[in-house]
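Naming follows writing order (A, B, C, D, E and F), and every chain is counted from residue 1.
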Amino acid sequence: MVDLVPTLLRQELSRLADADQRLDGRSRWGSRDVTLETDCLYNAEGSAKVTIGGTIVYAGVKFELRTPWPDRPAQGSLMCGAELRPVAGRKYEPGPPSPQSIELGRVVDRGIRESGCIDMAELCIVPGEKVWGVMIDLHVLSDQGNIFDACGLAAIAALRTAVVPAERFDVGEDHTLSVNGTPIMASFTRVGGRYVLDASEEEELGGDERIHITLGDKGHLHSLQKGLKGVFTPAEFAEIFEVAQTRCVELRKLVAEQEAN
Amino acid sequence: MGGYGDVQLLRDDGKRLDGRALDELRPVTVEAGVLPAADGSARVTHGLNVAVVAVYGPMEAHPRKIQRQDRAVIDVRYNMAPFSTSDRIRPGFNRRSREISKVTAEALESVVLVERFPRSKIRVEIEILAAEAGTRCVGITAAAVALADAGIPMRDLIVGVASGKIEDTVVLDLDKAEDNYGQADLPVGILPNTGEVAFLQMDGDLSPDEFNLAMEYNFKAAGEIHDIMVEALQRRYEGGEA
Amino acid sequence: MVDLVPTLLRQELSRLADADQRLDGRSRWGSRDVTLETDCLYNAEGSAKVTIGGTIVYAGVKFELRTPWPDRPAQGSLMCGAELRPVAGRKYEPGPPSPQSIELGRVVDRGIRESGCIDMAELCIVPGEKVWGVMIDLHVLSDQGNIFDACGLAAIAALRTAVVPAERFDVGEDHTLSVNGTPIMASFTRVGGRYVLDASEEEELGGDERIHITLGDKGHLHSLQKGLKGVFTPAEFAEIFEVAQTRCVELRKLVAEQEAN
Amino acid sequence: MGGYGDVQLLRDDGKRLDGRALDELRPVTVEAGVLPAADGSARVTHGLNVAVVAVYGPMEAHPRKIQRQDRAVIDVRYNMAPFSTSDRIRPGFNRRSREISKVTAEALESVVLVERFPRSKIRVEIEILAAEAGTRCVGITAAAVALADAGIPMRDLIVGVASGKIEDTVVLDLDKAEDNYGQADLPVGILPNTGEVAFLQMDGDLSPDEFNLAMEYNFKAAGEIHDIMVEALQRRYEGGEA
Amino acid sequence: MVDLVPTLLRQELSRLADADQRLDGRSRWGSRDVTLETDCLYNAEGSAKVTIGGTIVYAGVKFELRTPWPDRPAQGSLMCGAELRPVAGRKYEPGPPSPQSIELGRVVDRGIRESGCIDMAELCIVPGEKVWGVMIDLHVLSDQGNIFDACGLAAIAALRTAVVPAERFDVGEDHTLSVNGTPIMASFTRVGGRYVLDASEEEELGGDERIHITLGDKGHLHSLQKGLKGVFTPAEFAEIFEVAQTRCVELRKLVAEQEAN
Amino acid sequence: MGGYGDVQLLRDDGKRLDGRALDELRPVTVEAGVLPAADGSARVTHGLNVAVVAVYGPMEAHPRKIQRQDRAVIDVRYNMAPFSTSDRIRPGFNRRSREISKVTAEALESVVLVERFPRSKIRVEIEILAAEAGTRCVGITAAAVALADAGIPMRDLIVGVASGKIEDTVVLDLDKAEDNYGQADLPVGILPNTGEVAFLQMDGDLSPDEFNLAMEYNFKAAGEIHDIMVEALQRRYEGGEA
């Protein structure tokens, strides 16, 4: 029961870090290939499939009519949840939502919600009576590292292609959901003592704390999260924050390209 | 079966609304080895249905009390993604998915050579990403391919397929409208080489003769799907990692 | 932890099958004694107790007012559920509903529902507002084999004696629930390599797959289910299907006799 | 207690609505050995209440952490069937049934010679099939008979019985109307031979004097029910398997 | 796994009982120090903190608007629940409510409810439509014995200071909740063969059954509960019942003093 | 962040509604050793927030599968009492409390010398008795003091503190109104001696410059709270048992 593999792996990762190298030959701020496909699921009102290396996730958007919360009678609602089901990897077990999956869903949710890209008032149909509830469900099919960035990208891409199914609910004509902005998440993991971008499964296994940064179109921060055991210094944060700015611009371009097709 | 409306499901030319003949399948595609994290995997589309299956194992069965001394246990989870249906499904299991998981596991145990792996567990994760009637059959087909992709020895594949009844007529492979307004549904899991049945459910109303015709359609269609499954596995062996 | 008893039992059952015999001396298609009692529970709006050998089950029918489903505004609903509680035998454990109990309830439910014996439209009180929900609860008190047939019989017998408690809910006068037909289940278990009717507890322990067939008054199929590990051939099915026709007629007669008393 | 209506519960002749005297029980029947699958069992009807109890064990207690080195644990489940009450009860445990299960188990542990079976478990399954006020007492009576039927050694039987107060008058054994509109309920579990109390609950309003009278009624009635329990066990021993 | 400590402890407690002594020097009917503080929690509409020796519990009262039960359209409702969370002691484990915590909540609930100190009709706002639901939550922070009496005292003290937050719910002006009486619980534990008042943690560990008696202002019984393995005789009950009368008068005085401040 | 109303949160004199300067904390009190049953404990009030923390352990970690060979696991439960908020909270965990428990545990694991206690568990029970914005930070501060009170070796304390943005202005330590109508919240857990960060969350909208100012406020305030924590621990050592 001694976790021998992680111990040896940590040593190797540390050695590589000293030489400014990574297990798969990437540079410190290099990413694996990212692919994005949208509108790929029958029955979802918006959908996206993202792969980052061997990591595969889907996001699906559904709408439902609900009565608004009493303290916000003219506002709809947005909810983003993630399921880390046993399909995603050998380490995942069946059961109620794990703290990991709750954290994943909530961090993606905050990035989108706090960017203000969805105007909750536009989701109101009849004030005090009927509003739209928008649900984004994240579904990880294969985890080979960095599911946070994959889920963040899938969520906003799916949302941006969503069509409000007003006809099916008898409340008007179907129309594109209005989404003002493309918040993007960039995640960093401490591996061998230093932060790297887009950690692989092995790097996560032998690594330490992660930092998740969600940036909006203007480069403002909308969500931060530090996960796992470990600490960082303000100087370290400043360094990855610069990298995050570049990374988010790149991924935002990918979303735009997909939409242009 | 729904069967509560006055909906026309057969055209004047005897064909079905989507142009299929009575004994014609919806289009089926099969791909093996689609999930890098899994030991074996498959993706099957059948009409608008999309099922993805991951297989893990054989691995140690724990907790101990689920172990069997003389064979592997097959642990199946059939799950519909929240966005797979017209109305969103709350995540988590419900009574329907638990029943399907149980009978699917029992069907797969009937073909996997479980005696080869005493005390172990084989996990089969069936994820329905899009549902358009007949998902339990699509899941069984995909599970069989994923098990083969994982190199798990089996005495035969299983093919999931269903026939049903609409407008008092037996037809193969109900689509969504036919399922909603039809009179019977007969999903089965067929061993294409032995001609045996490892999975059987049925609901609705079928006379003995109608049942026999529906089974005939199912057996014929199982052969067609089997060919597609075998091709996918051949592509996988030749092509290596997906 | 080697299941020695089942292994020896399987050998014995196989030996008996070769000689066309059964453990308790019955013929292959022979049944244990079946008894049926109805209207036996205070507070249930319909009730039945069925015994098959040492197997004892109760079914109780209750009604409740509900709002109809939006897509079926003029239809009531029927629900049948089974509880395999620890009272029923040493092997049953407390906890949430097991897959076994869910399967039992759903197979009985489908047999009744799909036979069309309940007209859901007759359960409507005010379209879009108020309909009856009929709940059949199955309660297994002693499992000595073949609880499926016992539950199937108890469910339809209880339903056929049910009185709609309209007065208590202030929606009219009490009246008998209208039930058009008597769907009956017949279950077969592979024991020693061949199928037998009405398997005992030992036969189930040392047996293989089961097939549950529910037939309506005209001999049509309304529900089929294969359970447990094992396969069958179409020829085997054809054989038991013939037996099921006879069995269902006999049990349907038992229901009729009970009602005539 | 309910106690919120202006309902007359005593007749002008001083009797109760169903004709009983103040200290008179509803009819009670006891039968032992009613469930073939159980190691011991009993069925008790008390008024319109019906309770059936199965006893299994002594058996190995697992998981390990519930084992006691020096005695058996008694695992009681008090359950009301969904159809046992006027409004259907959702299956599964609720706070009321968990509390009753706990205090019933503790009462039974007080009479069973648990020291004889270290590390083991005795399961007591109390199923209420029909409820008409006083089910917890009926369940205790039935559990005691089922334990005896299973051959579990006990230092005494326990008799479950209740008194209460209606219209400022102490009465024995409240029926449904009396329970709904009464002012107090005092259910107890009495050891008929030793005169000790192993189970005690009470709610409502009782002065010290009323409490003493209610206990007096309970002790007298416990003797009557005890006789019926003993007869049932004698019939069972003479008659063999039910 | 032999519970050696309790066995030795039981011997010691038995020896002390023979000499009419207790572990901490108290007399048989002596209590540890009791302190009561009220109105101590922001956001609770009524609150109390009670300490008995090293036992610390809080009670908080909250109100909510609800629709009345159909069979009691002009009555509000009261609910008292207890949480025995892992904060309270090393022996407590996380998980769903234990039978112990359910019993604790229900015994306290019955004592208050059955004393009639809350007039449910006064909690009605609009008959058939809108009534107050009063919730008392008991929170045990440190269990060093006799949490029942501590919770009983905290519950009634919190309730007696509660202010109905009508303004926040837009149904009138805030006003003191009307509470007619001060039901008090006294608990007795069999230790070393005889009953003692206010058992300590060690006495509970090495003791047997407990009896909980709730008395109203006039000395009437409103709730009784026997818990844990053990039996008692009517004569034993008569003895502790006398002590309970005195104990309850003392604690009721403490509530009155606190209110007078 | 709420941020949906036109609510004035800054006065004309540049101060906040409660008179605080932009970089001024609400009043903070810390007391160690407040729960007799616990191995270590603390009570922190911060504005109207009240958090009480109990620490138990190090103790054997069970079940086995949660054990780590080379270190202790820290098992944190952050719980809001039902009466701690304006609308009552149903008892039991929700998604928010599970997330906070997870990241708090990870933050504490970063400072506790967990390598000293292989295979063991340290339980940290955070109970919020009254909530007025910022409870996760108050819980972290109280947890650090309770761990120290329990004698658990740590390489530094952690101080929980938050800054935020209201009316386009960065301010320290949002109170309830500021939290409801503010534009951003940046709660952190700071190691006062090393200047490292073990806990970080943020939501809302902050430009890079605003973020830097908010962090500056947080670091300054962490020093102030650290002094109060150290005083409390000194009082505790001098005063003995509370």
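By our rule, a contact is a pair of C-beta atoms (placed from the backbone, for glycine too) under 8 Å apart; a residue touches a chain by one contact, two chains touch by 3 or more.
Note that the coordinates shown come from a computational prediction; the quantities given were computed from them, not determined experimentally.
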For subunit E and subunit F, what is the smallest step count along a path of chains that touch one another? 1
Tell me, please, which chain's centre (mean of its C-alpha atoms) is farthest from the centre of subunit B? E
Need the most distant chain from subunit A, centre defined as the mean of C-alpha atoms. D
Roughly how many whole angstrom separate the Cα centroids of subunit A and subunit E? 48
Based only on mean CA positions, could you tell me how far subunit A sits from subunit D in angstrom? 57
Interface hub residues of subunit E, defined as touching at least two other chains: 97
Taking each residue of subunit D in turn, which ones touch at least two of the other chains? none
State the ordered list of ring chains, commencing at subunit A and continuing via subunit B. A, B, C, D, E, F
What part of subunit B is in contact with subunit A in the complex they form? 35-39, 48, 50, 52, 54, 56, 59, 77, 79, 81-88, 91-92, 123, 125, 127, 129-132
Given the complex with subunit D, which residues does subunit E contribute to the contact? 1-3, 72, 75, 97, 99-100, 102-103, 105-106, 110, 113-116, 120, 209, 211, 216, 218-234, 237, 241
Please give the residue numbers of subunit A that touch subunit B in the complex, ascending. 41-44, 47, 53-56, 58, 60-62, 64, 81, 83, 85-90, 94, 96-97, 135, 137, 139, 141-144, 168, 201
Of all residues in subunit B, those that touch subunit C in their complex: 1, 4, 67-70, 95-96, 98-99, 101-103, 106-107, 109-111, 186, 191, 194-208, 211, 215
